[in-house]
Amino acid sequence: MTIDRRTILQAGASALALGLAPQGAFAQAEAYRIGALNPVTGAGSPYGSGMAEMIFAAVDEVNAAGGAAGRRLQVFADDTQTNPQSAVLAAKKLIEVNKVNAILGTWSSGVSLAVIPLVNDANILLMHTSGAPALSTPPANAKGYGYRFQATNDRFGRAFAEIAVKEGYKRPATMAFNNASGIGNTQGFKKAWEAKGNKVLAEVVYEPNQPSYRAELQKVLAARPDVIVMGSFLPDTTIILREAFQSGANVKWIIPGWAANPQLIRALGNEATEGVISVDSVANEQSASFARYDAAYRKGQSQPGASNVYAAMTYDMVITLALAIEAAGPGAGTAQINAKIREVANPAGDKVFSFAEGKTALAAGKKINYEGASSVLDFDEFGDVTPDFGVFFITKGQLERRYVVKI
Amino acid sequence: MAFWIELLISGLVAGLVIGLSALSITLVFGIARFPNAATGDTMTVGAYGALLGHRATNSLLVGGLTGAIAGAIVGFLGYWFIFRKLAQRSNVALLVASIGLAFVLRAILGVSFGHSQQVFQLPLVRPWRIGDVPVHPNDLVLAGACATILAIVFAILHLTPIGRRMRAVADDPALARVSGISPSSVMTVLWLLAGAVSASAGIVAGIKTVVSPEMGWDLLLPAFAAAIVGGIGSPVGAVVAGLLIGVVQEMATPFVGFTYKIALSFLLMLVVLLVRPRGLFGKLEGAR
Amino acid sequence: MKLALRDISVRFGGFKAVDGISLAIEPGTLVGIIGPNGAGKSTLFSMVTGFLPHGEGVVSLGEADISRDTPFGRARRGMVRTFQVPREFAHLTVRENLMAAAPGQSGENLIDLFFRPGKVRNEEDAIRREVEETIDFLKLRAVADVSAGRLSGGQKKLLELGRVLMTKPKLILLDEPFAGVNPVLIEELSGHIRALNQRGIGFVIIEHDLSALSRLVSVLHVMDQGKLLASGAPAEVLARKDVREAYLGGAA
Amino acid sequence: MEAYLIAILIVTAIYVLLSLGLTLQYGLTGLINFGHVGFFCIGAYAAAILSTAGSMPIAVGLVAGMLLAGLAAIPIGLVALRLRDDYFAIVTLGFSETVRLVITSEGWLTKGVQGIPGIPKLIDGVGTGPALMILALVGFANILAVIAFLRIVKSPFGRMIEAIRDNEDAVKALGKDPARFKIQVLVLGAVLAGLSGGFYAHYIGYVSPDQFLPIVTFYVWMAIIMGGVGRISGALVGTLLLMGFLEGSRFLRDLLPFISAVEMASIRIGAVGLALILFTIYRPQGLMGDYTRRK
């Protein structure tokens, strides 16, 4: 995060908030406090600072448009360190010291599972990007205050199965990084694939940080698969693809988007990544909301918005939340705001692509449907988004999206 | 059948990395008499050094040398500012201090290079085929590099005067001190050598996988196991045991699975410590 | 309690540090073992007391064959030893060092410690009385509450003797008790040894200070290159040519 | 604000049990236990599994965690008897990693990498009331541990384990077997770590294998080395310093905006490393302690 005017300003504000009441034009309505709880360090560190930055950017946008229901949004940032213990302590600080009304942007499943009980107890909202299925159902989401902006792992798995059928693969094998999201992806695929009456030839779960993954690869290749479905991350994917290429294997790959991205291509070169299928919940690249997000991300992180899909999600979290606050009207509590979230995001209503647009439409008494930067943001009864999946083929070092899979 | 040969080759290649870092551990363990927990992070320093060298000159040789020199310097600085001051203290104090050094090195690398992965930009080459067993040129190059490093270490230990003094200190420190061997000269060469050797292990690991601040720490336990199984103070033992552990880990995967294979090196070490504390080639002064 | 050694040998690689030593220590006697450096005295000592793995031959104490017994097993049978370089418990005071040596303390058993505190307290008092006597006997009153690590060399030797006394031994093996000790203290130590001998405690002493040793012991054994060269009354043994030659480094 | 401070004190009290266990093992007996997080993990998972899948009362889970951790210490103790201290350190480090591997692989029991969510709280309810009761409960366990600790340190047992630390051969020469004491000390320290793990599981409410990495062991080592090896006050002060440092850096981020948060993690690890080095060289007896000279 580069040092710039806003970070210093924000630090001053938060130090101020520790003791004094907020000043400024919104003195009359109490500010809506947002806790930005992101994985700035640890396994989620490649995404954490971008996620935090986009929460600030979206909050600026909402405040610039006059705030939500007359209330200014205020942000308190903290780091989960991608580990449950420090996430719980950070959440307690945000809830009890900073008195936040919502916590946005927890990334790993372990962290969200550890934080959601605190959120339920404090009757505030939690918007996260974790894949674990347990987060949709009680006891975790008993109060319905939890919203998932990332497709669940097994939705990814189902998308992989659809793609495998569409591409005509008959003999799939799976390789999964030994953690909740890696295994969630491959199990999701296996369930969907076997539901279609087919068989998965070989399944391997590998440990991180090994001097080599040859033995794992060899076990999978021994089953002569035509495609290998991965539940993996960037470093291990880099090593496995390199060793596969160097062991002479020519097999096709279906890999989650966060592992098969421009960095992977830069690391391995075009030849080794030719034909790899990269799957990610499709961001609304064409939508105006994505354009605004992309501009903000480039300004803050000097990187393309598409390189950090989680940051697009945290951007959408703020906008959706702000629209819900606006719809719930002044003086609304968590329950009223919560009731409005699906109203402002789900299909019934005019499509809007920014907070300002939504605000004017609501003022005119219309129903709205916010189409986010990360996805169309239609929440099911469990609070999970049901995005479509973009299927990208790496051809000559470029990620080319050929079609979209709906599930 | 080819399946097993491939497993054997991959075990040997993985074993090279473990063997080299075990070699550095056994040099320090034998002469300075304590397990150096900063070996893992000195490996990472070597990997980053080589990365910079390679990016600047696009030659792996220069990269390798820069990495080795970086490792040697870090090794020496660790001795000069920390371990020298703890010379009279118990080996536990040295061990705890080396853990501190490991964390400090990781912090410096984390701050200067960030946590995202860095990769050696090397052209990827298809393997040769001997029978239906793929053999990769890179592996042979890396094996050759490890062999040369090992030869250099042996040459220093057995052919040079400082090497003889180092082995004397390893055999009997009291006797060595009495017979006028200045410990600081022996220690200086030891730490330079140990730093360079662990750095080269880090470079080999970095080329085969990816370079990240945490990579060294994960290779530490198998390297310690190899140093002990090979017999503390015996360079040959360290490398042979490293290869042995690499092969055992890879060959056992069909039976033991990919998660438990990591525990194998620990189990092997435990058995050796209890049954034959001298290890394969160690001297009598074993682990009692 | 008689200590009997039959054909004791200890081998380091090919080299025989102790080669076929057989001798007997009669109960309650004062016996000395001398010999040039490297004669194998300390090696024999360590093997007999169990601090070196058993070589060949039989070590028996009274009727029991203790060749394979643990060091603490042998000590519990009444045969204790001191070390050439004193091994005090550096961070414990002199009094605590002596308290620690007393055998059979129920306070060392956690069950008794928590569930029978009364019994533990009584035992502690009894041991403390014994310790005070030992402190007076060895004239260590002045340093009773000083941590042992800060004692002088001589005081450490006295403390070590005091510690073995606390175990109520029948036979004490002293490893160079007079080394690095000023003559006044040597006389004091000899006095203590004679007094303890009156109470029936036997001693086996390895020592280089021949004059002090010969005034103290009734039997002297001479070792050279791992073998038993000579045995007998001190005056008689020291007069022998071969013993003097071994000492003056003629043969070695 | 105070509810957050209570939270910090609860986590500190949980970690004090770990520091006390290590002080007993290393500070007093000289056993280099680098596997302390392994016993912590056993206690946490026992409590988690029994109170969720086993649907047992919390107390049963806590006691089971203590017993299991204690039992696990026995084989480690038997190994300890035959090894020199730095070899023992490496073996215990291997032990804690093996425990983590077993937890990761035996998903049928431990839910593997998914972790176990929804672990019941020690005391239900929200707000400072229940939090204070939890603090009282964990605090009470601390007091009991300190009392037992003092009872042991001031007893013949305590004298004997310090003697073993100072010179094991001398203890043997006096007719006492160090093995029995070493195993008991390892078991006691493991039981404390097991209880600490149980409290941790119920307080955080979610356990997963990657919460029990060796870094936890070295945090506790740093606490006792900084606080003062071999002294209760050392363990207490050291743990407070450790928690103040780990949690303090959370506030630091707000006040020092120019340090980007990514660097904060590296700085935290670096500071721990620096503390280990500097204290070992310049202040081996730690802040509180001076066990090298009793008088």
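Think of it as A, B, C and D in the order they're written, each chain with its own count starting at 1.
In this section, a residue touches a chain if its C-beta (ideal position, glycine included) is under 8 Å from a C-beta of that chain, and two chains touch if they have at least 3 such contacts.
The shown structure was predicted, so the numbers you read here are calculated from the model rather than taken from an experiment.
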Message = Going by the touch criterion stated earlier, list every chain that contacts subunit A and also contacts subunit D.
response = B
Furthest chain, CA centroid comparison against subunit D = C
Query = Could you state the distance in Å from the CA-based centre of subunit C to that of subunit D?
reply = 42
Note = Taking each chain's mean CA coordinate, subunit A and subunit C are separated, in whole Å, by 75
Key: Rounded Å distance, subunit B centre to subunit C centre (Cα mean)   = 46
Task = Could you grab the centroid distance between subunit B and subunit D? Build each centroid from C-alpha atoms only and quote it in angstrom.
result = 31
Junction residues of subunit A, two or more chains touched = 41, 45, 178
Ask   = In subunit D, what residues contact two or more other chains?
value = 104, 262, 265
Key: Two or more partner chains touched - positions in subunit B   = 115, 259, 262
Query = Which pairs of chains touch each other?
reply = A-B, A-D, B-D, C-D
Message = For the complex, give me every residue of subunit D touching subunit B.
response = 32, 79, 82-87, 89-91, 93-95, 97-98, 101, 104-105, 218, 221, 225, 262-263, 265-267, 269-277, 280-281, 284
Request  = Give every residue of subunit C touching subunit D within the complex, in rising order.
outcome  = 49-51, 70-72, 75-76, 80-83, 87-93, 96-97, 99-101, 103, 105, 107-110, 113-114, 120, 124, 145-147, 149-150, 163-164, 166-167
Ask   = Taking the complex as given, what residues does subunit D use to touch subunit C?
value = 148, 151-152, 155-157, 159-160, 162-163, 165-167, 169-177, 181, 184, 291-295
Request  = Could you pull out which subunit D residues touch subunit A in their complex?
outcome  = 1, 3-4, 7-8, 11, 104, 112-115, 117-118, 121, 126, 200, 203-208, 210-211, 246-247, 250, 253-255, 257-258, 260-262, 264-265
Ask   = In their shared complex, at which residues does subunit B touch subunit D?
value = 34-35, 82, 85-86, 89-93, 95-97, 99-108, 110-111, 114-115, 213, 221, 224-225, 228, 257, 259-260, 262-263, 266, 269-270, 273-274, 277, 287-288
